[in-house]
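Below you'll find the structure, written out as structure tokens, and then a few comments.
The chains carry the letters A, B and C, assigned in the order they are written, with residues numbered from 1 in each.
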């Protein structure tokens, strides 16, 4: 099955179509970068993928199923754009925030167990942030917060990871570190990654495909192998 | 202890303490999700319910509860259908509530009974009201604990919560109902005008001290209980209205904490 | 960080302990709310009265065998007043509780329910009196509960009945002094008869019969002596009249050549003054004995002195 299937999707907020018969397919194990000018609809496309919006026409499937269903089962890892984290001053520790994402695994009316805690620390380790487990989120730098958000997305051991502009507002060194981590994860966990980005793609060795969104359509950027 | 030797004060303390436990739970979510306007709308509407209850001859708290729930349902409906105008719509509900309360209060035979719900009254708590408060408090607390994870996540990052599989709309709906219940029963002891402060101030104090969400919540509850006990005690000996006294105790405490924190910070820097 | 927390928690615990300790230790007998109170002594009957008129009657009947507290502090309007915790404590420790009833004390039922003092002798002073209904205001609204006019004490003959009920309560609580209470009752009953006679004689001859008052406190007085009261506010002075009502009153005053607009000391005289200005007449006090100001108390005022002053004012207004 394909990890992501976008089939002839139309979408508009008002009268003008932002996406016109957009289609794309992402296979399991792909590490895909999605590029496009600002305002062309990348975030909208993500929102459609995440079932926050419904397409006017067409269909979106994730992991072989209706995307709404998959999202509701909490199977997709998602890292939002830096600086748009809902509440920086939220009085919570890193551990609490990452644990929260285990929601579906913990189950209704239950509380996290020791094994859940173990999973959390594992995820933090991957991002080399376990020493900050008991730190309040507001006390971390932007780059550190982003790593936590990535750890949070990874804690559920997702099959599909979606990132929205993860390199915005962080310095080059952190960008390289991030790409390195993503590359490792892609290798070791066979994670399917879709990353919306518009910068420094050449720094990210793991990417095996580039998709470009323009004029409401998704196109493959040749030069990195792979065809639609 | 002389203050507790009479049943009416025992009831007052019991009601106060039960309330003090659930108020910060609700308050935490309200503060963190920036929903204080909903709290205000519901507390103003509860007054209308009190007036209706008095006029119909039924227990005013029941009236307050019914109206609060009705208002909460309306708020839910609005947020679903016209999310863009939800803030304005909530303001309209609040205005309806307080307007009704004002007009209806003019028809009550003696204003005394109605007025006691503005700032609370501890001398007039009947056994039935005590039972109602206990039952509703236990329900609210249970629901809150069961929904602890959900409310935490929605408060921190509603979008990510949804993606993690949290049933956001349902949880928000239930939470609004819990808020309605808490506010309506709080109108008896602390008064409708003061309820929203009781939701917020202990949390404000807790946030100054807490080093994690759980700790912030626990501290908020401890603060709320402390304010209530101290406030009731002070209001008893100094003949003050209980609601206002409890809240002012909280405000004073908050100021003390802020000042202490600043002092400690500058001392640390010097040392 | 952990040390910080520990310090805080211990500080908080310490403060809580101190508060609880202080609360426990201060066993103040709080009867110092500025309310009237005859000197408390051992052996005296401890009486709580719900407002001034009850206080005065209790003092007269009980004499030096009782220690009476007026629950409503001086200068406070009793219709809206609500007991504070200390007042409840007072009731828990009292022997006799006197209240007017008939809706005067909206809090009485709830409070009596919540008391644990089983030996408290409660007396509803107005029982046995045929109540009349409140005036116009209440007629328009749905009548599940018609509002009775509670101001019975302003009719001296009814005041007599109230004193009798109080006397009976004292006798019940303190049978040893029955003769004493009876004697006091007889004394004041006679004085009330005299007062009634004086009111009758003075007022029946007067030309005008209409008085405009701050709130409808004088229903029984008017019924007894052929007068007609028009209240600026209703049975309870808790809300200002709406503009339509204001107009009505002003028109009434002009049509009936009312010479004085009466107001009370416990209620803001603003509205009365406004009406008086519109009509071009003066204002004067007509005291419904719901409470006395500090000055009046110091000057030794009581039921009779106030009723006499009221009579003089009525005469001035109606002649």
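Keep this in mind: contacts are C-beta pairs under 8 Å (C-beta built on N, C-alpha and C of every residue); 3 or more make two chains touch, one makes a residue touch a chain.
Since we're looking at a predicted model, the values are computed, not measured.
J.: Draw the chains as points, connect those that touch, then say whether the picture is a line, ring, star, complete or other.
T.: Chain contacts: open path, no cycle.
J.: Counting C-beta pairs in contact, which comes out ahead: B-C or A-B?
T.: Looking at A-B and B-C side by side, B-C shows more C-beta contacts.
J.: Please list the single chain whose C-alpha centre lies closest to the global protein C-alpha centre.
T.: Per-chain C-alpha centroids ranked by distance to the global centroid put B first.
J.: Need the most distant chain from chain A, centre defined as the mean of C-alpha atoms.
T.: The most remote chain is C.
J.: Whole-Å distance, chain A centre to chain C centre, using C-alpha means?
T.: 74
J.: With chain centres defined as C-alpha means, what is the inter-centre distance between chain A and chain B in Å?
T.: Centre separation, chain A to chain B: 38 Å.
J.: Could you please state the distance in Å, as a whole number, between where the Cα atoms of chain B are centred and where those of chain C are centred?
T.: So the centroids are 36 Å from each other.
J.: Show the residues in chain B shared as contacts by 2 or more other chains, in ascending order.
T.: In chain B, 211 touch at least two other chains.
J.: Could you pull out the residues of chain A that touch at least 2 other chains?
T.: none
J.: Okay, in this complex, where on chain B does chain A touch?
T.: Against chain A, chain B makes touches at 32, 146, 148-150, 152-153, 155-167, 206-207, 210-214, 216.
J.: Which positions of chain C touch chain B when the two form their complex?
T.: Answer in residue numbers: 1, 5, 8, 12, 15-16, 19-20, 22-24, 26-28, 30, 33, 79-89, 92, 103, 106-107, 110-111, 113-116, 138, 141, 144-145, 147, 236, 238-239.
J.: Which residues of chain A touch chain B in their complex?
T.: Residues 50, 52, 71-74, 76, 78, 80, 85-87, 90-93, 95-97, 100-101, 103-104, 106, 109, 111, 134, 136, 152, 156 of chain A touch chain B in their complex.
J.: For chain B, which residues are in contact with chain C within the complex?
T.: Residues 1-3, 6-9, 11-12, 57, 106-107, 109-113, 115-116, 121-126, 209, 211, 215, 222, 226, 229-230, 233, 235-237, 239.
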